[in-house]
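So that you can tell them apart, the chains are marked A, B, C and D in the order they are listed, and the count of residues begins at 1 in each.
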Amino acid sequence: MTEITHQQAEIILRETLAKGREMGLKPLSVVVLDAGGHPKAFLREDGASPGRFEIARGKAYGAVMLGMGGRAQMARAEAQAYFMAAVNGAYGGKVIPVPGGLLVKDGDTVIGAVGVTGDTSDNDAEAGIAGIEAAGLTPEP
Amino acid sequence: MTEITHQQAEIILRETLAKGREMGLKPLSVVVLDAGGHPKAFLREDGASPGRFEIARGKAYGAVMLGMGGRAQMARAEAQAYFMAAVNGAYGGKVIPVPGGLLVKDGDTVIGAVGVTGDTSDNDAEAGIAGIEAAGLTPEP
Amino acid sequence: MTEITHQQAEIILRETLAKGREMGLKPLSVVVLDAGGHPKAFLREDGASPGRFEIARGKAYGAVMLGMGGRAQMARAEAQAYFMAAVNGAYGGKVIPVPGGLLVKDGDTVIGAVGVTGDTSDNDAEAGIAGIEAAGLTPEP
Amino acid sequence: MTEITHQQAEIILRETLAKGREMGLKPLSVVVLDAGGHPKAFLREDGASPGRFEIARGKAYGAVMLGMGGRAQMARAEAQAYFMAAVNGAYGGKVIPVPGGLLVKDGDTVIGAVGVTGDTSDNDAEAGIAGIEAAGLTPEP
């Protein structure tokens, strides 16, 4: 089984944060989850508010559990808010259905997900895409 | 180390309640949280309903955890209701995203938050701002 | 109905902390709950660890909900641990059954409870008793 | 302001894992929490079981919230099991009271905590101590 590695996760964290600094974003927090939705790596930059782990994980958790990126989740939430609310109840309230939640694929296989938070959702997603690509993997926003 | 002190918290409680009486508000409840969202001080005036601790804490908790005051949270909730609902799930249902939740800053550093409840949200916020300023600190509504 | 007042609560906080300082105790945290188990007032001294609200409330909450002080709860927990564990499940995990949880009586009527934490359970209780008596009320440890 | 930094957290992760490899330990997982108990950084080595984030955080969370290291918590749990069980209920079940939970001090000030899991509790603690010291900070086991 192809599983996201410790080394890939470290590259994703480092390069997502580097992209954020290059773009001039606010302090970011980045989580990498494995294909089961469990934390593999996390980093919160200085100056980010204390509750950022839950937001980053929420973006990535929904991606893994539903098999769809944050942008697709947001579209569903806007079309049918009660459905995503109900899904969230089923997942213990851990899902944040907005951009910045990114599936991580190795070829066609989902091997994990990344959640980025701190700036606008679109900027969060852009930084995360750069991080995933720097690790030689394929993001699905 | 810059951390909200016991003495600052007592001033904030006393002066927020004094402002509320001066404004002729209904009985108020006021909580002071530290920069990690943990209660430092609380007072509920006679005549306030019994569940006011949770409301006061909810206003202040979201402020600390997200790094934004209650007025900014309310704007986000009105623009994208499902997002704030999801955030609240991620924080165990402890967030009340309305005015009356105020970040407390010492210069540029967030050292805690204040939550006020009992009258209208706008009046709650006005009383809390007076309390924070009386302690020589800077409120962010 | 006799209900603990805002003013009595403030006296209890102030005098419990004064007693702690007189006894040379570690930094204390003190909560006052009303007769329904809901927070009326709380203060955490500088230097106390951040999680002290939950411990203080847990000591006082069990006292109010069960109508017995922390010392009596501890005796029950030591005689029949599974019973107090089950009670705690029924109360959402909010009970800490040790000394430092004190019923507050006005004559024969329970009007609230006090929870003190920070030093040994026995010292916590001694400080709380002094605070309740200073308010002209009767503690039940 | 004294707060654990992103850079200190990265040193702690890297050096704790390096110590684990030097000692020949099983795959480790390491979390760094800030002084409010909120995740700052986390890494889980390849081969560690998926649920290690919760164990690592549980060891560190109790340390921060109670202001005592895992070894002291374990002593209390062994002397008075129902007390630590009750404390855990009050903290939403997030406390794991065993060695490997380490307070992080800068001089006398608690600035965070580290949780290490994967090998025996004593080995976990030894690796974490090395990581904290490598960052120029003081561990309290």
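What we mean here is this: contacts are C-beta pairs under 8 Å (C-beta built on N, C-alpha and C of every residue); 3 or more make two chains touch, one makes a residue touch a chain.
The structure presented is a predicted model; accordingly, all values stated were derived computationally and were not measured.
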Report, in whole Å, the distance between the mean C-alpha point of chain C and the mean C-alpha point of chain D.
-> 30
Taking each chain's centre as its mean C-alpha position, how far apart are chain B and chain D in Å?
-> 31
Could you please state the distance in Å, as a whole number, between where the Cα atoms of chain A are centred and where those of chain C are centred?
-> 43
Which chain B residues touch at least two other chains?
-> 34-38, 92
Which of line, ring, star, complete and other names the graph you get from chains that touch?
-> other
Chains touch in the following pairs A-B, A-D, B-C, B-D, C-D
Okay, in this complex, where on chain C does chain B touch?
-> 3, 5-6, 9-10, 34, 36, 38-46, 50-51, 53
Touching residues (chain side chain D, partner chain B) in the complex | 1-2, 34-38, 92, 109
Going by the contact rule at the top, pick out the chain C residues touching chain D in the complex.
-> 48-51, 54-55, 57-58, 77-78, 81, 84-85, 88, 92-98
Going by the contact rule at the top, pick out the chain B residues touching chain A in the complex.
-> 35-37, 64-68, 80-83, 85-93, 110
